[in-house]
């Protein structure tokens, strides 16, 4: 097993774990962290893919994609956290409730 | 009572874990079949690096080859801060909402670290041309400096009015956009920098982006950080 | 590939996976957030190992800076007792579950 | 925002003083810039504006009110600091490694003679890196220390550091209040004593 | 200097760092957990410097510098909310 | 002058939107509104121009950003299909902008609406123009965050929850899509659609990549059973936002699926994928219609109707895959795309007019709207026209798309899909006529009736009439679609 | 290997030892305050020695100064955070451990 494969498998595993956090854990903050773990997993896969290039400098395109992805995920996280705080201030809830549709 | 709740949840849980393990097996199979020979555009990037205006391949991809992605990415960042602000009630951008945390040691730390952070942000901005670094890294350090200033209870300088803050937030994106359309006046496509202008334009964009990103990050923190004090009164929601 | 370096890779990867499992198997929210911040740090070692110092730099700057601060601030906010009006206090136990 | 937390103490310094302070900051930060960029001269395009920016921020946050720093005193302070941080590290290592773990911890509250918040903060940093002491609260003229050994002569060390810091800055120390300046408590110390 | 030396020390320090997780797990107070996270910051700086030497990547010194600068920020963000966070950890508080 | 502008049109159109969006962020409500109105007008002109060029010269317009060209840089490509989607966006967007100008009280608390909305428009334009799978990811995120921001902007309890659910699902969708992009890049080394078409080979990595991309996009398109986030988000947003989300935003990710299936020849890459999407589409039609029928709130009903109508879009994949000759395949693909257009117009009209009705009645409950047609005839009439298109009755756009579906299904011999279309139409008739009957009937007096201004009454009517007009003059649009659809479907056939 | 290399390795060993001891202290000490002692003193000293070793190993003087700068920043940051964490712990009512 090579270095790249190790990280690729780790990416696949972390993606599933993040998905678990997103789907199974009820707390909104856990869900947001789940999304972030999923993002990290995808970045791991991308950066490992970049590492295939022989020589010291890896493929720069996946790196640029990851940097873009990190910025996007920070932006989305910041917005989600603001939304969570607003929800908590308005209603005191920290989970998505079943009853919010038919108010 | 707890048992009644516990049992179906445990069953759900096992099903979920089982499904995710199955997903993992599929993903693992997919990633292990990735061909290990170089199929990307790495060589193409290296070939064009000389005419990209910078020496760091990642920066070249971000700001030249795929500058369009970065332009939209900054739009996402601006959009996120607009979203955060739209979640605030009246008096958006009021940075005085954080209760200051008074402590002489923290104050001294802030006064030592903030100038250092500015210097290192500048350094990373400069280094980004040929080494790891660039606008986003520099901007996030400036943002952290702003967060530190906010947390340590230093007063926001008077000239930094909400209007100015908004302008700083938008300026990086607008400068990038202007720089992107400048080539169009010379009968070239969007973002098609003329060879001799590539480097100055990239530096111009990165510099403004640094300040914008820093301001966006710090505003994200300030605007979404809720007050701690007990006398918090709910403003009338729109 | 010399072996001590590969060991470090395996170590990093195992830690990353264990950490992410712990983040979501944890009852205490604050603990999850601390583990998440630690995850950010350990991921930057992974970036180093994969020859991506650019990304390591970004990860270090963001994870230790704004994202970490935002998450901790959110945890604190969600524990604050001075909610203007709290109709749905019970929801805090997290008894309802859906994605 | 509560403005009582601003860093500056005393009256606003005069304009030439500010200019001198700004210049000092520029020199210091310029030197740091050289270190950061490994002396690359092409970096000054960014170096000059960012150094000026940092100096501006520093001048605004902590204006230099007097010409500071006596070099000899500084060296003495650094020597003291380095020696004691080594001793501190070894001390805590010995305590941690001994199976019996010799700890008799407690909180010690102590009045300070240093006049400004900044110097007191400096003292807090120094104390935290010295053997057996850790600052755990700093309000007005009082510092609360957590000590690993309540029997150790904390007060002597505090006074010595105060003298060293005052020497560096060339400032006068305050008179101590008449009330007993040290109280040993095993409980949470009362900072408002 | 053979580079393997630095890698070896890096692995040892890395394992030391992992032991910090025991403190994160055990707590008991929120401050204890945060303190362990701070340990990761300091040790992370050391590790980055060693790796910079081991792999001959000077850029990692920048990473170490950035970590050194920013490790404090999360700590301070914690301290600001400590009263609220602590409530969930010490006896008498609720655990979410 | 025109010769200078013309080659740069795609970039100019996008730049106008982005500039307007940033400007709208900086100014107060009235100014932002003015900026948006001007930008909307300019958009219609520019996009019509683009369409005219693409159609007139019968070509695929490739615009290389940065002058690098595909493997290294990013290309924009505009063909007949994307031109039609852009035109749809421009028309619906323009009406929505006018409607919003009348809808929102001139309060500064709503001033950020304009900026978010213009960013969303820009995201849609960029999405329809893009030809690069990673660039599409960025576009999708731009779309997501602006859409969620718009959902939550009212700050009401239900809207906040809906926004939260929406952002979690949409971000998950984006990340799944991005994982797919990573795998596809790993196996092919390119990101550009045209290059992908030449590079793909059937191997586990590419298969998983395509599957992940499609799953992520299905989540964002809200195809049954991944629709759970859509009804609350679309129903609890303010009316103009609901209209945009239902009419345009879900079409964005559908459009990407369409392109993906073409490039990867989806049914060969993953056997059964096309049929699976078709079956899910049928489930969506039935489930969405049944849910819509049981709803007690008007906007909730319209939102569930969107769930059902999304189902129709996905019928095109099995039909194209089953087609024996290119003519039939084009017929089926045209049916799906035409449905996207007609549903965009009709659903836009329906949500906008629902907003007007809710404003007039002061409640979202259907029971409060009994007898509306006497007191507010124009909104009721608008709703009826849009409903006609939704059901698929003769003079409407909905009829054309259903007719095309049925004929292509019969031609391929896969008549059961035709059955699904007919059943769906009947179900739609049930819930639409239930509401219309309620409007026509005479219940208790509505709580209050005051349609404050003409703008929000007339604007939806314009859209609704358009959905009729494209039914009568459907042929030009079909002609417009034809060459592009022909080249796109060739790859999707079995 | 020159004597310089031996010195560097010796320093690295010492510094690693301090890191290990710091972690032992973090785990063994009875309360948050004493654990902070371990963290601030042992780890900072370990880092200082490590930086000294790396500075000796490095050819460039500027790089050495830069490493020192990193150390100073870590020192200031750790001292402040430990001070603040201790303060926060006291304010939220964490009692110091007393020898029974």
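When the chains are written out, they are named A, B, C, D, E, F and G in that same order, and each has its own residue count from 1.
Methods note: contacts are C-beta pairs under 8 Å (C-beta built on N, C-alpha and C of every residue); 3 or more make two chains touch, one makes a residue touch a chain.
Please read all numbers here as calculations on a predicted model, not as lab measurements.
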Both subunit B and subunit E are touched by which chains?
C, G
Could you compare the number of C-beta pairs in contact for B-C with that for E-G and name the larger?
E-G
Just curious, how far off is subunit G from subunit D if you go by their C-alpha centres, in Å?
18
The distance between the C-alpha centres of subunit D and subunit E, rounded to whole Å, is 24
Chain-centre distance (mean CA atoms) for subunit A and subunit F, in whole Å, is 27
When the C-alpha atoms of subunit F and subunit G are each averaged to a single point, how far apart are the two points in Å?
58
Multi-chain touching residues of subunit D, meaning two or more other chains, are 32, 36, 124-125, 135, 138
Two or more other chains touching the same residue: where does that happen in subunit G?
22, 36, 44, 46, 63, 66, 69, 73, 76-77, 79-80, 82-84, 86-87, 89, 93
Please output the residue numbers of subunit B that touch at least 2 other chains, ranges allowed.
12, 27, 30-31, 34, 38-41, 45, 58, 66, 69, 73, 76, 79-80, 83, 87, 103, 105-106, 108-109, 113, 116, 120, 123-124, 127, 132-133, 136-137, 141, 144, 147, 151-152, 217, 220, 224, 226, 228, 234, 237
Touching residues on subunit E, where the partner in the complex is subunit C:
4, 7-8, 10-11, 14-15, 18, 21, 24-25, 27, 30, 33-34, 36-37, 40-41, 44, 47-48, 51, 55, 57, 59-60, 62-63, 66-67, 70-71, 73-74, 76-78, 80-82, 84-85, 87-89, 94-96
In their shared complex, at which residues does subunit B touch subunit G?
103, 105-106, 108-109, 112-113, 116
If we count contacts the way the header does, which residues on subunit C are in touch with subunit A in the complex?
1, 5-6, 9-10, 13, 16-17, 20-21, 23-24, 29, 32-33, 36, 39, 43, 46-47, 49-52, 54-55, 58-59, 62, 66-67, 70-71, 74-75, 77-78, 83-89, 91-92, 94-99
Provide the residue numbers of subunit A that touch subunit C in the complex, in ascending order.
2-3, 6-7, 9-10, 13-14, 17-18, 20-27, 29-31, 33-34, 36-37, 40, 43-44, 47-48, 50-51, 56-58, 63, 66-67, 70, 74, 77-78, 81, 84-85, 88-89, 91-98
Quick check: in the complex, which residue numbers of subunit B touch subunit E?
101, 106, 109, 113, 116-117, 120, 123-124, 127, 131-133, 137, 141, 144, 147-148, 151-152, 228
